[in-house]
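Structures given as structure tokens follow.
Each of the two complexes below includes chain A, the first together with chain B, the second together with chain C.
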Partner chain A sequence: MSEPYRYFLIFLGAVLVYNIILIRFIALCPLIGVSTKVETSIGMAMSVLFVMTMATTVSWIAWNYILEPLGVGEFLYIPAFILIIAALVQFVEMVIKKVSTPLYRAMGIYLPLITTNCAVLAAATEAVKPGFLKLNVPYHFGLLEAIIYTVGVALGFGIIIIMFACIRERLETSPVPHSFRGAPIAFMTATLLSLAFMGFANLLGL
Partner chain B sequence: MDWSIVWKAALALSGISLLFGVLLAVADMKFAVEIDPRIDDVLSVLVGSNCGACGFPGCQAAAEAVVEGKAAADVCLAGGPDIAREVGRIMGVDVEAKERGVALVFCKGGLTESPLRAVYQGINSCSAASKISGGGKACDYGCLGLGTCRNACPVNAIIIDPDHRRWINRDRCTGCGICVDVCPRDLIQMVPRDQEVLVVCSNRDKGKVARKLCSVSCIACRKCEKVCDFDAIHVENNCARIDYEKCTQCGKCIEECPNNVIVRVVPPRNYKPVTSAS
Partner chain C sequence: MEAEVTYWQEFKKGIIAQNPLLVLMVGLCSALAVSNRFENGIFMGVAASFVLVFSNIIISSIRKWIPGQIRIPIFIVVIASFVTIVDLVMKAYFPPVYERLGVWIPLIVVNCMILARAEGFASKKTVVRSALDGLGIGLGYTLVLLVMGFIREVLGTGKLVVFEKTVFSLGFFNPPLIFIMFPGAFLTFGVIMAVLNRYEAGKKK
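The block that comes next holds the complex of A and B.
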């Protein structure tokens, strides 16, 4: 297996085959919460992509140069990664506020929310700490692989949440039975989408 | 057991925290956005209960609007003239002294005084009940007592007792006017804080009907009108109303009223008459 092909498989696996929302049911909260409008879901997807990539990069450095050499990574990875994500989001928020006010206005509300987004922690943990990744590809936990994997996870998240927002905008005007309005029909839609995505299983041997 | 793991864990986590702490501190200085210091000043004098009566989402937004010139200094309805003057001092503008009222439910009848004509078993809210043939209360103008105003009050100034009588804590009431808007029967109005004599009924039925519906209803007998020396009380649409400008609060009408609809309420304890803008 050539190196570029391996990277491609890692990316594809993260986006489609092991999609974070529909296959692994992580980050269902933003799926239901921030998918009522396409506009806001795009904002959320961009923010997640941005924060997730940065979080994994810094977590990778922390894991390989602080936690692992000290031998404490095995039980300290969750508090350490959460700390990293929270601090990073704060930092990014400050920078964006200074550099670009329009971007801050667009992303501002979602950035603090992402601090507690389980998908960010999940992506960072899987990409950095051995023992969590489920991809059927040789994975060596290098920085480049980790970033490729995380970008894939974030894109998978973004595609689903934007797609879902489009469906929900159509659902708003559809004759849905009264008792199914809102979250119930959204969850049922998510179930059907999830079934469809399970069709990607074993794609290219993943 | 190897205890070195403990200090290693502490070292790792405190190290990362320290690193990010320093990073954030530096970033806070380096990327500080110039914020008008008046925003914080204005925010500190506002009431701070985030009641939203001003129309802005919370006191922070109201303070920003004041500083940006999008709102006047008397933006804070709940704060009243004192706070408006404080805000005006920060912003460097003169604020006219404007009196904030206190809420009053213009209905005295509980279940004992005004019997039910039907049993309402729907959603526990006045707005829902009033849409279903006017709820269970016999009087079409009276308070339904299901607590829509109580639930809307941001400072918990309204209490409803088991007999469906309303008690407004006039010390707590900030005069924000939210309850005035939510009452489906428009029974709540703002009255001046120093007004003690009030007609607590809104029934506009003719006297005979009103007497039958409720034992504490205004029957439009006009006795109060005749006894008033100052031409301050008048019966309009079968219900007495006091002109607060003319009323001297002598209390003659209270004694005269056959149905005890006119009452003397205690003014709020923390009430200070507005003298002049300083």
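The block that comes next holds the complex of A and C.
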């Protein structure tokens, strides 16, 4: 398997085959909570892509140069990664506020929410710490691979959350049985989407 | 108002009235992901309840010394310590379960359920109340997990296996595998919520 092809498979696997929301159920809270309007979903998707990529990069550096050489990775990876994410989110928020007002208006309100978005911690943990990733491709935990995987995960998140918001905007005006209004019908929608995404299983041997 | 809430009510509210999954809608991700087997529900429920009770106790006992601006990082560190304990214990004593639950154990740390209780309850109330609240919420979470795990495993595989023993087996039908796969989780949870809505609506009338 050539290197670019392997990277492509890692990316494709992260976006479609092992889609973070529909196939692995990570980050359901933003799916149900935030994705009621297309606009907010786009903002959320962009912020997640940005924070997730940075979080994985910093976590990778911390794991490979600090935690692993000191032999404390096994005990400290959870607090270390979550603190990296929390600090990073805070930092990004400050930088964006200072640098660009339009960008802050677009992304600002989502940033605090991202700290407790399990997708960010999940992507960072899987991409950096051996033992969690379930991907049918050889993966060597290099920095480039970790970033490719994370960008894939974030795009998979973005696609679904935007798609879901489009469907929910239509659902607002549809006649839904009374007991199914609100969250239950959102779960039914997710069922059908998830069913569709199962069709990607075994794509290119993934 | 505050004094009228008895300890029993503090404990009880987590199970139905403020059920974390069905009513507050927090901590959904882990519940849907691990409920494909009844047994997973037991382990995940115990793990999350353990973290919930102990992080509630610690946070509530240090609540007077936590500065407001940095409370979230402090909560997260407390929670992360207990998650690490669970992570290492499970890895050491239940390797097959750990393998199955995988990334969900470290993810307990960002489970909104636990942070929400720390922020909304433990940082304001006394230690005993916080412990009872944690216990109640944990039990509510576990119960939903068990119900979902039961429905999905029985419908999806036609039998119930707990700790490698078959409890019972329905031999007469061809089980639709979809229930233990991904869409089944959304479907089961949506239907449970709808039934509960229906029940609530019926009660109001």
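Convention: the second predicted complex is superposed on the first by the 206 of 206 C-alpha atoms of A that agree within 3 Å, B and C clash if a C-alpha of one lies under 4 Å from a C-alpha of the other, contacts with A are read in each partner's own complex, and residues count from 1 in each chain.
Assume a residue touches a chain if its C-beta (ideal position, glycine included) is under 8 Å from a C-beta of that chain, and two chains touch if they have at least 3 such contacts.
This structure is a prediction, so every number in the text was calculated from the model and none was measured.
Chemist: Among the partners chain B and chain C, which is in contact with a greater number of residues of chain A?
Modeler: C
Chemist: So, does A:L195 touch the first partner chain B, the second partner chain C, both, or neither?
Modeler: second
Chemist: Of the partners chain B and chain C, which touch A:H140 in the superposed model: first, second, both, neither?
Modeler: neither
Chemist: In the overlay, answer first, second, both or neither for which of chain B and chain C A:M94 touches.
Modeler: Touch status of A:M94: first partner only.
Chemist: With both complexes superposed on chain A, which partner does A:I66 reach: first (chain B), second (chain C), both or neither?
Modeler: It touches chain B, and chain C stays clear.
Chemist: Which partner does A:I84 reach: the first (chain B), the second (chain C), both, or neither?
Modeler: After superposing on A, A:I84 lies in contact with chain B but is clear of chain C.
Chemist: Which residues would you name on chain A as touching chain B in one complex and chain C in the other?
Modeler: Residues common to the chain A contacts of chain C and of chain B are 75-76, 79, 83, 87, listed in rising order.
Chemist: Along chain C, where are the residues that touch chain A in the complex?
Modeler: 25-26, 28-30, 32-33, 72-73, 76-77, 80-81, 83-84, 87-88, 102-103, 106-107, 109-112, 115, 178, 181-183, 185-187, 189-191, 193-195, 197-198, 201
Chemist: Where on chain B is chain A touching in the complex?
Modeler: Answer in residue numbers: 5, 8-9, 11-13, 15-17, 20-21, 23-24, 27-28, 31-33.
Chemist: Going by the contact rule set out above, which residues of chain A touch chain B in the complex?
Modeler: Counting only chain A, the residues touching chain B are 62, 66-67, 70-72, 75-76, 79-80, 83-84, 87-88, 90-91, 94-95, 97-99.
Chemist: Once bound in the complex, which stretches of chain A touch chain C?
Modeler: 22-29, 32-33, 74-79, 82-83, 86-87, 115-118, 120-122, 125-126, 132, 134, 177-181, 183-188, 190-192, 194-195, 197-198
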